[in-house]
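Given below, in the form of structure tokens, are the structures.
The same subunit A turns up in both complexes below, where it pairs with subunit B and then with subunit C.
Then we have the complex of A and B:
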């Protein structure tokens, strides 16, 4: 699942230590962004928040780790077997909401092999289960804070949604980067 | 996934994908209706308390039927089942990520300065201040049910599945 040749700022990502350091830096980035979000809200209020400015932050940040697009440390997750509304070119083997058979020939453009696909699905299973507990914990903390100090409701709610989104978009990549063995060790 | 569900002597069969899709669609419509009814009544009034109680009973019943049909997602099945489950979780994760982004952006948009909010009635505008609370609740409900819903929605008809498996069987190995 790791693109062995990929480098970030000239640092090779083949060793597990480098990848774990990347995950730590990424978490530091997430926490500083959350801090910035709180500071921005307390100074300018939620009215001045540009919702469209948030979108590039989520997608761009997750793209550092890969998975969501080709060219990151983690290989791209989907492209050939993700979920789509209707059959589209290259969705052979994927799930479609309407219609079951692809009317297009299969397309092989750097798709994951079977072992990698199984690994990806297993990681997503773990990430999804963790995200479910995280959502529940955030909801309970939010309700608890609201019961204790209702004035914090408007500030904490968007922060929790912001944190949940940042974590959700990068949790599978982080799990892969943290757990995947060194490339030499794996061989 | 279970293809049959019984309440007393009444049996519901879910071999056909069309029927399962109807069930998933009705389940989410019912959940949205229950949430809206819950949020819009005053539980301190007599009728409001009855509606809230009714919503709770209906919600729990629907959730138990839903989990009964989709089965336990955490048990270890055969290889095909595990692959389908993994694929459903992968897709649920991707969809849920998009829902969360949409929820956050919608919340920031409607609570900030925008041309639409002033047009809304004051009661609805006041209710939007509790937007993150309602959104977290809705996202929690969605998160709990999304992988099962994807499995029920995408799993082929049972006959179709049996045929697909039959195609992979060795020639002459079948019953005569």
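Then we have the complex of A and C:
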């Protein structure tokens, strides 16, 4: 599932150590974003926030990890057995953000074989289960905060929504990056 | 997957895909109407949790998967902790119970094919929920960018976010089972293949 030739800032992602470091950095970025969001809201209110700045962050972060888009550390998930969303010319179907071509060789970004498809599905099962609990927890927190202080509803809502979006669009990739053994070791 | 439901003491054959699809449509229609009615009547103030309870009951009695009971076998590959406990009072009163199986194991243990289907249905459900949450985030962003949209949408921001949470949670709890029920062919067809 790993695009072996992928490098970030010159660091090869073939070793598990490097990939785990990437996951840690990614989570640090997400938490920093959420913290920045809360601080900005408390100082300037939600109306003053320009959400257009958030979408490049979503797309950029997801693109680095891959999975939802060709050209990242994780091979692209989509295949003929996916749901077609925003299909692009020559696309077999599946979740795509944009129709840009991969800059990496075909062997790293090509279709998944059967073993990789099974692994992808199993990872999504685990990710779905975790995300389900996370959503339930966020809902309970959200409802609890609303019952305690209803004026916070409009402030907390967008934060939880953006947090959930970032987590959902990256959790399967992070599970793969964290658990996949070194490429050399696997061989 | 179980081939029948037992509701109010009556056995309903669900081995045909058309029936299962009708059940899925009926469940989502009922949940949509319930959530809409709760919004119209109360704006989900103090009543949103009723929708979640309705989803849990739908899973428990019809869909299964994350809960014991229903058509889809439990997703978790282990014997339930309360497997030997008597059925709950509500199930007894409604006479909703599962048919007695030859062995205890068949009721919860998935074979390799079923595990593969479970994983694939979660992959599809994950994509759908991921896209839906992204659309919700986009709508929320538009609203933050242009507060005038609030007047156009006719719904306060707090209600909109709460509605998003309800819909997201509903899909999270039901979508993999619904995909399985929708896509699985007639059970007779599967048996004839083997």
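Everything below uses one rule, namely that the second predicted complex is superposed on the first by the 156 of 187 C-alpha atoms of A that agree within 3 Å, B and C clash if a C-alpha of one lies under 4 Å from a C-alpha of the other, contacts with A are read in each partner's own complex, and residues count from 1 in each chain.
Basically, contacts are C-beta pairs under 8 Å (C-beta built on N, C-alpha and C of every residue); 3 or more make two chains touch, one makes a residue touch a chain.
All values reported here derive from a predicted model rather than from experimental measurement.
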Fit or clash between subunit C and subunit B when superposed on subunit A: clash
A:172 touches, of subunit B and subunit C: first, second, both or neither? both
Touching partner for A:150 - first (subunit B), second (subunit C), both, neither: second
Partner chain(s) touched by A:9 [first = subunit B, second = subunit C, both, neither]: neither
Set intersection of subunit A contacts, subunit C complex versus subunit B complex: 46-47, 49-52, 54-55, 58, 77, 81-83, 95, 118, 120-122, 124-125, 127-128, 131-132, 135-136, 138-139, 142-143, 146, 153-154, 156-158, 160-162, 164-165, 168-169, 172
Interface residues, subunit A side, partner subunit B - complex: 46-52, 54-55, 58, 77-78, 81-83, 95-97, 100, 118, 120-122, 124-125, 127-128, 131-132, 135-136, 138-139, 142-143, 146, 153-154, 156-158, 160-162, 164-165, 168-169, 172
Subunit C residues within the subunit A interface of the complex: 48-49, 52, 66, 75, 116, 118-120, 122-131, 133-134, 136-138, 140-142, 144-145, 147, 156-158, 160-162, 164-165, 168-169, 172-173, 176
Complex contact set, residues of subunit A against subunit C: 46-47, 49-52, 54-55, 58, 68, 77, 81-83, 85, 94-95, 118, 120-122, 124-125, 127-129, 131-132, 135-136, 138-139, 142-143, 146, 150, 153-154, 156-158, 160-162, 164-165, 168-169, 172
Subunit A-facing residues of subunit B, complex: 17, 83, 85-97, 100-101, 103-109, 111-113, 129-133, 135-137, 139-140, 143-144, 147, 150, 153-154, 156
